[in-house]
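Labels run A, B and C following the written order; every chain starts at residue 1.
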């Protein structure tokens, strides 16, 4: 369930948008990430997938479906809202909260955080803080669809769909059918000077 | 958010109110975590300014602020300079000097929070925690929250009603409406949320002009029971009978008290509420208060989540003056 | 004494004339008057000449609360408002219930020289509502008290009220009743109506005023005495008074400027600057008192000028004091609510703010027409002026005006008390040789 404020915001793709991943690219990337997670953790027994709202949750659910197929058992993903842990709350008006749903106890599990874009790393820092107050995982890993660089914190992803070098002037947009009608990763703006 | 203070339930649009309830829904889970704390309001100062004793409400706000990591200063008028004649203005100026980001104010005079917010004595957000016989908006919010959890989206359960209002629900509020800030705030908020409100009281305890409120009124409790989705009993002070509002506690209880026989006339899904503290045997019978239909204890739990939501939405983002 | 000539003043019959003032009285009225070379000339072109205004209802706070107002500061404020005589209410500390206190107030007014201060005597000892004060002694004192009132409190005991009405017949006195049934108004904070229910402020029902007005007109009829009803605020009171007058009952009534202008809607702000007794009423009541003042059911405008220190207003509504300033804004409010909409002419204003109040209060030398041989009590008013009321722009010691920030019409340019200019060009005149 998605809060209304975070739901379906039909984002018209601007004219200068360049598509870097299409539907098939995304599907292949998620499949690869799924296998990497299973390989790294020797199966799914300890793995707990937690998506970061909004799009990270949809990605986590997709990974969970693929994982269920491979493992032959029902694997569900949860969601972890990090709004209350953000370090930029006071820069904008108060934001609506997204849903946090932890399907299982996280103590001694391998929590795999799933997000759409890894950028400054601040969202992931907030997610680590949020996790910290929910319990003590044995291991925390990070899976992202796109890593666009420009880290502001010492954080890196364990599983990356695509590394996408970008300029700061550019915007990376991830659209997913669950919220935006179409699966795509596009880059907007930042035309070469 | 379209409000910078929470002084009256009338300050809230339906969108605002639903947003607060949705936020509270997410925050409710914090209470069941091993660490019941969020870092969100770290470095912010919330002052609980209580000119009137109300341990329940103060504790609820205190827990809410502390779970959001705000610094909480409890300022009780009793035994302080306030009882020595310091004015509301000077108290407000003191709080301003201490850097209060929010002032949660409980006051025996109607309108005192309004004064505090609009006389420019303090810049913090003012949250009305009950003023005289005027309003108690966070109580109304927690009541609406409790109703939504039980009555919307297939009944009890988390997220049953998320994003939704109380459209079409029939809520009966019974008792001393005249002196009740809870009734005023509930009538306004429930109307905003689309519910149909019926106020039931002896004519002496309905305010003049109640016909201008967005509610129906009735003098007959029995007639209201069968269509009620929720019935809320208001506290009735026994002393009221000294001012001839009703002849005796016994007569009041007979005509307007909720006993088991009356409760059994409610529809199966209906809930029984009370803002507390209860006068058992007066407006509510002990068997009713302790029955399965009673959500009175849950109201207290929900109060913390709703107050967290209000504080978060008022203080969690950028204050306007801090905008670059 | 000096000589003053006022040029081109517009009289109430619209004639534009010169006025010659010698030794405190008008000595000539006409066009192109010759004046002595040393006469002080005042240009009154485009100004309306009103007889000096008389207020039946002022609180000067002295003795007792000299921090809020003194006889001197109150009379300076009165002069700025165009008044030459005010009636000082009895609810001072000590209460003006003895010849000693009323004479003190009266003398302080004379010494100040800005305005005659005519004391009102208390009806009951200490405003206690139990025993009659020595009404006769006050009447016989140098102050010559004729108006008696427990204002601030109601003479609610029917027997006491009857006796008071009867007793003052001996010296042609009048009982000015503050009509407020005490039991119906216990803890009352504002007009009882939809808004009081919404704001959670204890209601002050119209019937609490009307029940007393009804009782008192019947008592006045029964004992054949004079009754004056203070600050009428409700349509019901108006209708009772209208009925009483039609029956020939000897009743007069006053309305305050604030009840002519403001309705209870302003209470929404919870700003105690609007807290007053009787409370601001509904828009319909405002309409009713305007109509009643126009048709003469309500005889006079009286200010109920009630100064309070800031700390009694900068607080919670229920903790705040009742009352608002009125002397310096009364004429402007009357112009705005009654003259500009065509309900009253300036001649009517003279009747309701000078002639009639002086007649009710039985004050000699005030409320007289502008004519040769009459005392030169005069207010020159510029009806075309506009001004924004500022709380600090006052001669009162207090600042509790409800009109701060409002633009109001009209300005008192000059006031003369027995020929002496107390105000010229809108400024108080300390010395005028």
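One rule holds in what follows: contacts are C-beta pairs under 8 Å (C-beta built on N, C-alpha and C of every residue); 3 or more make two chains touch, one makes a residue touch a chain.
Keep in mind that this is a model prediction, so the values were computed, not measured.
Student: Of the chains shown, whose Cα mean is nearest the mean of all protein Cα atoms?
Tutor: Looking at where each chain's C-alpha mean falls, the closest to the middle is B.
Student: Which chain has its C-alpha centroid farthest away from the centroid of chain C?
Tutor: Ranked by distance of C-alpha centres from chain C, the top chain is A.
Student: Round to the nearest whole Å and give the separation of the Cα centres of chain A and chain B.
Tutor: 39
Student: Between chain B and chain C, what distance separates the C-alpha centroids? Give it in angstrom.
Tutor: The separation of the two C-alpha centroids amounts to 46 Å.
Student: Using Cα averages as centroids, what's the distance between chain A and chain C in whole Å?
Tutor: Between these chains, centre-to-centre, one finds 76 Å.
Student: Hey, which residues of chain B end up touching chain A in the complex?
Tutor: 1, 19, 22-23, 26-27, 29, 33-35, 37-40, 68, 159, 162-163, 312-319, 322
Student: Write out the stretch or stretches of chain B touching chain C in their complex.
Tutor: Touching chain C: residues 87-89, 107, 109-112, 114-115, 118-119, 131-135, 181, 184, 207-213 of chain B.
Student: If we count contacts the way the header does, which residues on chain A are in touch with chain B in the complex?
Tutor: Listed in rising order, the residues of chain A that touch chain B are 1, 3-5, 81, 84-85, 89-100, 129, 133-135.
Student: Could you pull out which chain C residues touch chain B in their complex?
Tutor: 189, 192-203, 205, 269-271, 311, 314-319
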